[in-house]
Amino acid sequence: MVLADAFIQGILMGFLFALISLGLTIIFGVMDIVNFAHGEFLMLGMYTAYCLSISLGVDPLVTLPLCGAVGALLGLVSYYGLVRYLLRGPMVAQLLGTFGLMLFLRYLAVFLWGIDYRMIKKGLLVGKSLTIGPFHLDMTKVVCALLSLVAFTVVSWIIFKTRVGKALRATSINREAASYMGIKTERMNALAWAMGGITVGIAGGLLANFYYIYPMVGLLFVMIAFATVALGGFGSIKGAFFAGILIGILETVFPIIGHLLKTSIIGPHYKMTIVYLAYFLVVVFRPRGLFGWEQ
Amino acid sequence: MGAIREAFDFSDFPLVERIGFGIFCLFLLAFPWLGMDSFGMAVMIQFLLFSLFGMGWNTIGGYGGQVELGKAQYVGIGAYTVAVLMVRWDIPYWFSMPLGVLIALGYSFLIGYPLFRLKGHYFAIATIATSLVLQDIFINWNFVGAAKGIELPIKGNTFLYMQFTNDTYYYYFILAYFLAGVLYMNWFRKSKLGYQLRMIKIDEEAAESLGIDARWCKIKAYAIASAFVAVGGSFIAVYNLYIDPESVMHLELSIMIALMAMLGGAASLWGPIIGAAILVPLDRYLGSWLGGHKELMGVDFMIYAAIIMFIAAFEPRGIWGIVERYRGRRT
Amino acid sequence: MKKGLFLSLLVLAVAMGLLMGPFAGGVAAKAKEIKIGVIYPLSGAFAAAGRDLRNGAELALDVLNNRYAELGISIAKWEGIPSLKGAKIKLIFADHRGEPGRGADLAKRLIMDEKVVGLMGCYHSSVTKTVSAVAERYGVPMINGSSTSPVLTKRGFKWFWRTTPHDETFTKDLFEFLKGLTEGKVRGVKAVPKEEIKRIAYACENTEWGSSVAKVIEQMAKEYGFDVVKGILYSAKSPDLTTESQALVAAKPDCMLFASYISDAILFVRTLKSMKASPKVVWGQDAGFEIPDFRATLGKDVHGILTRTVFIPKVVKVKKAAGKINALFKKRYGTDLTGASGRAFVALQTWAHVLNAAGSTDPKAIQKAANELFIPAKELIMPWGGVKFDKTGQNVLGTGLIGQYQAKGGKVELEIVYPFDLATADMVYPFTTWK
Amino acid sequence: MAFLEVRNLTKDFGGIVANNDVSFSIEEGEIVGLIGPNGAGKTTLFNCIVGYYRPDGGRVIFRGRDITGWKPFQTAREGIGRTFQLMRAAGELTALEHVMVGAFLHQEDRVEAEKEAREVLAFMGLEGVADLYLTELPLAIQKQVGLARALAIKPVLLMLDEVASGLNPTETEEMVKLLKRIHREKGITLFLIEHVMEVVMPISERVIVLDGGMKIAEGPPEEIAHDEKVIKAYLGEKYARGL
């Protein structure tokens, strides 16, 4: 019973992790760059939802499209203002650059909004929970899971079924070849950043419904997003989805096993450890993650 | 003998750099008598410490080109070995420090072996992951004080335990490590391993075709880096006299170490030193001055971040890269 | 080549300049000013607490250096330190960001460069450890107002005094309170059978502070005959606490005890509520549970939650001074005094009394004065018996409070429920808010 | 006993057979060319021999030793040197340093390694570029540095991957001369992979032809040039290109 509950909670968390990781993996897939500032995009998405719902007095759910728009804008500005230049350098410089961007955005938020904790208090989903049989589920997380599914479906559709998607994939497989084929790779990069920004912006807007908002909030999620994307295989959409859910389940079920076995060695204090350990073990045996591409 | 000669041989640097470094060394030696205030001293100690960390990282991260973001675990190993042995069995620093380095070496071989199956981003994330796992273990491990950390007994002035009531001693202590580190790195960059690593960084396939066991070379470089960092960690233990997993094994420490070396210029002798010389004072002084002003909250970090972004975008080889580009030679 | 030469020199010059620059201009010391260094977490993840602490200390400074006769406490009439010819205190704030190493460096700066007479701070017990070690090494007195790790005053330090009670005292208060609950001593609640509240589960954050609280809880529970059915140490920086909450709920405890910082405290409440957790008693060990953000953010969801604290605005009913100072504080900063700001106030107040008694800024005189100090209860805004240090430097007259958040109309008030004789309202029992 | 013997070598990539049952041998002191149209499996075969791929079947025997499945660095230490189609140039190491890295295989000491490297560069007539970074050199010279680097490990067998690709006719001619000198003066066995027949024919003593992963012909260059199967394979490609 407890286990089943943990399992369901884990899957719900997993959907959220997957949604947050989606943007990261899109960007990586197209241009082999890990965006350290991803968590900060999420944070700014949360602030967008917060500020809009407070100042306009609307339900935070209504602000989701705007959160997505802010995310897209953020992605584009980051790409044209910074990342474009980073691409010329080695991987080290790319990490350094996006790390700088992360610090910059984080403290920009500190400067703009201060370090107070904020929380959306009113809203359709806020504080509601859904009771199915013996299970109590946080309403936001349920909606989050649904939206996560939608986002993955839409993104997969765009990437695998449309012409733009074909161009994106061509760019990701071989940049030079793609540019010979007349694909404007620069524009594809920007598109990837915009898409990544939209998904993470929406994730932020949703998260704002049940999570507190403050400038350092990004760091909490970005590590999990890294682990998710790496576990699933960098650049793999399917990988991010399943790895997200796997991590959600691992993280919630593992400590409960400890509880059921009545041992304190296995417990919530190791919940992140198990996630990182799982990642480590998986990549040692499958160096490209669960669904990563062979080179 | 040859190795020692190589370590002291700076002849492939332009004269001006040799003179500059000489002056800088004199400045470092004379620093405590220049009438600086003690915060200046504390900042200098941090600068030397982070230079040491950065130089260590540079072996694997700079020369080897592997983006390694888990050095904090070795800071922890070095610091904890000294602290635990001193608290539990009253073992002097000069016994526990080498032991800590040995443990760091052993551990680095142990995890380096699976770790270097990975490449690129998978490797980078995996180094973070291993560091976080070790931190979690220390947080929950009662023998080493768990999350509460360990306080070292205050012993007064003693060279055996390397505890002093005056920071000047600590300063010369870390300066000695720093200079030893510079000499080691000066040898290292010209050593067989140093060249092999750079070859691996350029083209791993080509390196293997020249009979280089790339994975083994990387593991060796990783171990050297870990030993360096563990030495620095042992210093932290006796300098702060209190350590906890949060302060010596934190992810941000790992990133800071890599950041300084990268910003200053990876794969160069002076790079990590320059990186530390810029970032440490910037961090400490900006933090200590602006941190107190409510209305400017965050501005210090924004300046800091802007510098990092600018360097990354326009001079990916770091600040020293600018100099190298003009003088046309890398060292 | 010439360019290379020029650039190398330039880089070297810049690097040196950065190192040397700050040393060039020293601050000329003004006469008749007593500098106290204050090290708080002013930025970073704990900046909210840092701001609260700073406000408390600054208010106390204002009260001390200027005349506020209507407040009815001695420092309000002093306008400086009387025995030092009205010398004013000057606070020099420094930001440790929660990092012990940084705290130690700042302590050195304050001691050696700013030549402070004494130190105050640091909130985080871990930082207080390194800072007090520096103070001890340099023989500079340090008064700590808000770090509650018991071990701090068990280290035989000669230059360290702590005004606040520590976690052992606080946790003992909790168990005294629970015992009182079974004996019918709590206002508005009939004696509860012990079986009904016997099962205890706790979740403590896993750094220095939380883990020492956990240890004390385990120990006290045994002493008072309660069962700890679940104990969790968790990371306050965890992105979600679903797992932890679930483990708590799964253990079906009667009492849930927390030692949390603000972000995790908020998250716990939200998550437990979504799981419709139904413990009978929810108690938080200060920190996150009593910072204004907690109540402001969660609103009615906190109805019935107990928090151990050292200051509750309702104290004004029993302490006149507290009411006036709270009003002043609220006027200036918009919130009520909290345990953090209140204790920062008291810490500075204690400094003023110590300096006045010493009549000198000589460390030895201060040490002597601090050891012999007695501040009577009527001077304090805290509901303590006063301030008097024992041999270890611990204030033996400090006591804790337990408050309960109660939603009344649209507002959430923090009412005192312990000590029983200070109770300001009937206790809400059992806890049903999340059902 | 053959110097290098490849027996029934097979390699398939998830169903796509790149090499199918290829067998041949090379004698010490020979110059052998391996040709074939695009996608014939030349590079795969090459990589199976030096160890970048592990063959799925068959054996590779070098100087009487079974080196099947050895790692590239192990085959290099065994005496097999190789060059690459493209040099990955980076402003990290100078030409001299590239060659030194090769020399380090037998040398611990930097000074000695540098001496050896300079000798190799001198042999190749590259003294002038010793202190330049690869990024500062034209492609032809880069390729020569690659060759010098491989020579520095003192190989007994040198495997050259499309040594003439990207070079103009004059440069190609020079390269061919250089290879002949290496063969003559150092007595190193050469094994060339070439896509363009015209390059291999003049220097090879024997030519092996691959098509569709299989060996279709083997013999002296003049014979091969008139072999029907070979002509067909190459013609087929030309037709395909025309389409």
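By written order: A, B, C and D. Residues from 1 in each chain.
By definition in this document, contacts are C-beta pairs under 8 Å (C-beta built on N, C-alpha and C of every residue); 3 or more make two chains touch, one makes a residue touch a chain.
Predicted model, so just to flag it, every value in this text is computed and none were measured.
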Can you list every chain that touches chain A and also touches chain D? B
If you tally the C-beta contacts, which comes out ahead, A-B or A-C? A-B
Farthest chain (mean CA position) relative to chain C: D
Taking the mean of the CA coordinates per chain, how far is chain C from chain D in Å? 73
Distance from chain B to chain A - Cα centre to Cα centre, in angstrom: 32
Can you work out the whole-Å distance between the CA centroids of chain B and chain C? 35
Mark out which residues of chain D touch at least two other chains, giving numbers and ranges. none
Chain A touches at least 2 other chains through residues 110, 115, 269, 272
Give the residues of chain C touching no fewer than two other chains, as numbers and ranges. 43, 47, 51, 206, 233, 235
If you connect every pair of chains that touch, what shape comes out? Choose line, ring, star, complete or other. other
Pairs of chains satisfying the touch condition: A-B, A-C, B-C, B-D
Interfacial residue positions of chain B with respect to chain C in the complex: 14, 16-17, 20, 23-24, 27, 36-44, 46-47, 139-140, 146-149, 151, 154, 165, 167, 236, 240-244, 246-247, 274, 277-278, 281-282, 284-285, 287-288, 291-292, 294, 297-298, 319-320, 322-323, 326-328
Of all residues in chain C, those that touch chain A in their complex: 43-45, 47-48, 51, 206, 230-235, 237-240, 242-244, 246-247, 250-251, 262-263, 266-267, 270-271, 273-276, 293, 297-299, 301
Chain B-facing residues of chain C, complex: 1, 3-5, 7-9, 11-12, 14-16, 18-19, 22-23, 26, 42-43, 47, 51, 93-95, 97-102, 104-106, 108-109, 111-113, 126, 129-130, 133, 136-138, 149, 151, 155, 206-208, 210-212, 233, 235
Please output the residues of chain B touching chain D within their complex, sorted ascending. 2, 6, 190-192, 195-196, 198-199, 201-203, 205-214, 267, 330
Counting only contacts in the complex, chain B reaches chain A at residues 61, 65, 67, 114, 117-122, 124-126, 128-130, 132-133, 136-137, 139-140, 251, 255, 259, 262-263, 266, 297-302, 304-309, 311-314, 316-317
